[in-house]
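Below: a set of structures, written as structure tokens.
In the two assemblies presented below, chain A is common to both, partnered first by chain B and then by chain C.
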Partner chain A sequence: MMETLHRYGPDLLTGFGLTLLSWALGTLLGLVLGFVIEIARRFGHNLLGYPIRAYVEFIRGTPFLVQLFVLYYGGPLIGLRLDALPAGILGLTIYGSAYFTEILRAGFDAVPLGQIEAARAIGFRNTTIVSRIMVPVMMVSALPSLVNFAIILTKETVILSMITVPEIMFQTQTMMSETFAFVTPILILALFFWGFVETISRFGRRLERRFTHYLLDRS
Partner chain B sequence: MTIQHAAPAAAHLRNVNKFYGPFQALTNVTLDIPPGKVTCLIGPSGSGKSTLLRCINVLELYDSGEVRIDDQLIGYESPGGKHMAPRRLREMRREIGMVFQQFNLWPHMTALQNVAEGLERVRGLTRAQALTRAREALAKVGLADKENNHPSHLSGGQQQRVAIARAIAMEPRIMLFDEPTSALDPELVGEVLGVMKQLAAEGMTMVVVTHEMGFAAHVADRVVFMERGEIVATGSPREVFDAPSDPRLASFLQGYRERNSLDF
Partner chain C sequence: MFSFQTILDNFPVLLSSARYTLLISVLGCFEGLVLGAVICAGALSSKLWLRRIAALYVSFFRGVPLLIQLLAAYYLLPVIGINVPALVAAVLTVGLCAAAYLSEVLRGSLNAIPKGQAEAAAAIGMAPRDVWVRILLPQALKIGLPAIVNELILLVKASSLVTVVGIVEITRMSQSIAAATYRPLEIYLAAAFIYLAINLVIAQAGRVLERRLTV
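Right, the complex of A and B next:
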């Protein structure tokens, strides 16, 4: 056991690192793209609604694995030649954006119109209304769903192994096929994800408290 | 008190029409709102009072006619012309304060932040200046001791007074009130009306949609009665309440008196 760990330790560390990296970038960029899409839909031209809807429905209606294959193996056909890791991160970004944009849409819809009108009546510009009022108010209802989806994305990262990204799933699979041991690799994988998800949940709860403190504290 | 009222503005509506789809909410509304006076809008629910008020600061864009603040057209670049550029509209809205039935305070900000936010983001004051002015405005509505409370920890009457402070801190030249006391428990109505009376006494131009006939009778300079999107009668409180000439107005007041079984 110690021997296998010694032998595979560096590879496992690389795997952890790549999983964390692709998750962090995929989530962050997916959130940013989802936000941009929602803002375009809400404040842009009415006609933008149709392509955005089609995009969201397509991404939500197909498996992530298929999207990733299309991107990685189909991309070169249209001149999009990406290495496995960037392709994986881009795939996660696109996949996440469709879900994030829907969560944000529901969140923004739940902001009472009167609070927006009050800002408009005072003469706020739209960008200020979004950043100072809509986002903080929306976070109360949307944050749990956003964190939840970020957690789901941790587990989607294993699919990057299918396009040869040497992340943690890839490393443990290699370990299994070379050593014929299953328990240790699976245990490592499980412990890693358990710690990973637990950390995100804790962080999420801290954020939630930050955005909802005003509902709780007594002044 | 350093919260100064800028010179009060007049508002003029000329043949204003407003449609919601096929439904006409305002029909040929012509109304002059004199500067420094209190104009009360009364009328049955659904008669278009809110719509009229919201056309003055273009929260609703009227479809035809003209709305002017003093001489300046609002909503369109020219009569019947292009929509007003957003920047111009924002500039004009700074002059127009609005107070809503549901207060519409921002729940994630304290009372002080609610008042200071517009001063900082719209008026361009520094943080320190904005806070100083916001504190003055809160003091003016009697809430100096509540500046750190979030709206969820204020009574309805206190929330509405913060909302008034938020509006007057911007030094508007005209103030619009849409049923400011309708969402309040009866015992909290007085504190809000008190602040409004004080503003009226200081010479603010006020347009007040209200069901508080007592307030209209005692504070208004002019009372406007609306029904089905039209202005049916206007006059001094005396003319409107003591000798209503229009039968629809008379029956509206009759109904009100019966529901409230009191005189004014």
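Right, the complex of A and C next:
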């Protein structure tokens, strides 16, 4: 057991690093892309609504695994040649953006119109209205869903192993096929993800308290 | 060059593999609903140990990626002496996972039913099980319908992961066709659109059911 750990420890650690990296980048870039899409839908030309709707429906209606296959194996046919890791992160970004944009839409819809009109009346620019009024107010209602989806994304990162991204799942599978030990590694992997997810949800609750602090204090 | 001919040639085979996708999703959903109702009952029980078990179950199955659960079931069951076909293991695992999510859905919608109803039913002498089966569950199913339909759509997409245990559903089939024809882009896009079509039909059926259903 110790020998196995010694032999595979470094690989597992780099695998863990890649899992964290692809999750963090995928979530962050997905959030940014989702935000851009939502702003485009809200402030852009009306015709933008249709392609955005088709995009969201397509991404939400198809399995992440199939999207990855299209991107990684199908991409080269249209000149999009990516290594496994960038393809995986791009896949997570695209997948996340469709869900994030819907969460942000619901969040922005919940911002009272009067507040936006008031800001406009005292001469705020659109960018200021978004950054100073809409985003902080939206965060209160949307944050739980955003955290929830970030958690879902942690679990989607294991699917990257199927396009040969050497993250933790991939490394564990390599180890299993070389040592013929199946039960312990996979149970450890399960426990590891359980802990990972619980940690993020704790952190998410802390974040929620920070954003809703002002609601609680003035009673 | 994008070749529609490849899609046309392989579409029938791809479509016929959709029956496994549907089979796994539908069976998984039923298993998830039944087991989810049981776990939900546990979560709302007055006994502390039942609540603990239900909470642990939900936390585990929602906290561990389905891909890992599938591999665990596939490799673990034979070790403890249970030899089942891959399809059974897959349906079982997908259902266990769905049960965790569905029990939370049910718990949410049960909370929306006025307390007086259960009390009234108990007052006219219904047994606790009757209150549960005839009063609470039917209403919870109706209130939770949008979330349940949502869960079913997630299940259809999750079924793509059972490729790892070797069941030839849409994704696995498209893998082999892509490998044989060297046209991954066309084949995987075709697979994506089959999933999309299935999910749009489910979503629409859910909306119709929502309007029709009166409990």
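Points to keep in mind about this one:
Criterion: the second predicted complex is superposed on the first by the 217 of 219 C-alpha atoms of A that agree within 3 Å, B and C clash if a C-alpha of one lies under 4 Å from a C-alpha of the other, contacts with A are read in each partner's own complex, and residues count from 1 in each chain.
The rule is short, and it goes like this: contacts are C-beta pairs under 8 Å (C-beta built on N, C-alpha and C of every residue); 3 or more make two chains touch, one makes a residue touch a chain.
Everything numeric in this text was worked out from a predicted model, so none of it was measured.
When the two complexes are overlaid on chain A, chain B and chain C sit side by side with no clash. Of the two partner chains, chain B is the only one that A:Glu117 touches; chain C does not reach it. Shared-chain residue A:Thr127: touches no atom of chain B or chain C.
Chain A is touched at more residues by one of its partners, and among chain B and chain C that partner is C.
Note on the composite model: angle chain B-chain A-chain C, taken at the C-alpha centres, equals 110°, rounded to the nearest 10. Of the two partner chains placed around the shared chain by superposition, neither chain B nor chain C is touched by A:Thr199.
Judged by the touch definition given at the top, the superposed model places A:Pro63 against chain C, while chain B stays out of reach. By the touch criterion defined above, A:Ala190 reaches chain C but does not reach chain B. After superposing the two complexes on chain A, the shortest C-alpha to C-alpha distance between chain B and chain C comes to 27 Å. Residue overlap on chain A between the chain B contacts of one complex and the chain C contacts of the other is empty.
Residue ranges of chain A in contact with chain C, taken from their complex: 57-58, 61-67, 69-70, 73-75, 77-78, 155-156, 158-159, 161-162, 169, 182-183, 186-187, 189-190, 193-194, 197-198. Put simply, chain A touches chain B in their complex at residues 112, 114-115, 117-126, 128, 132-133, 136-137, 140, 211, 214-215, 217-219. For chain C in complex with chain A, the residues that touch the partner chain are 2, 59-60, 62-69, 71-72, 75-76, 79, 153, 156-161, 163-164, 170-171, 174-175, 178, 183-186, 188-189, 191-193, 195-196, 199-200. Looking at the complex, you find that chain B touches chain A at residues 57, 59, 86, 90-91, 93-94, 96-98, 100, 102, 104-110, 117-118, 121-122, 148-150, 152-153, 163, 166-167, 170.
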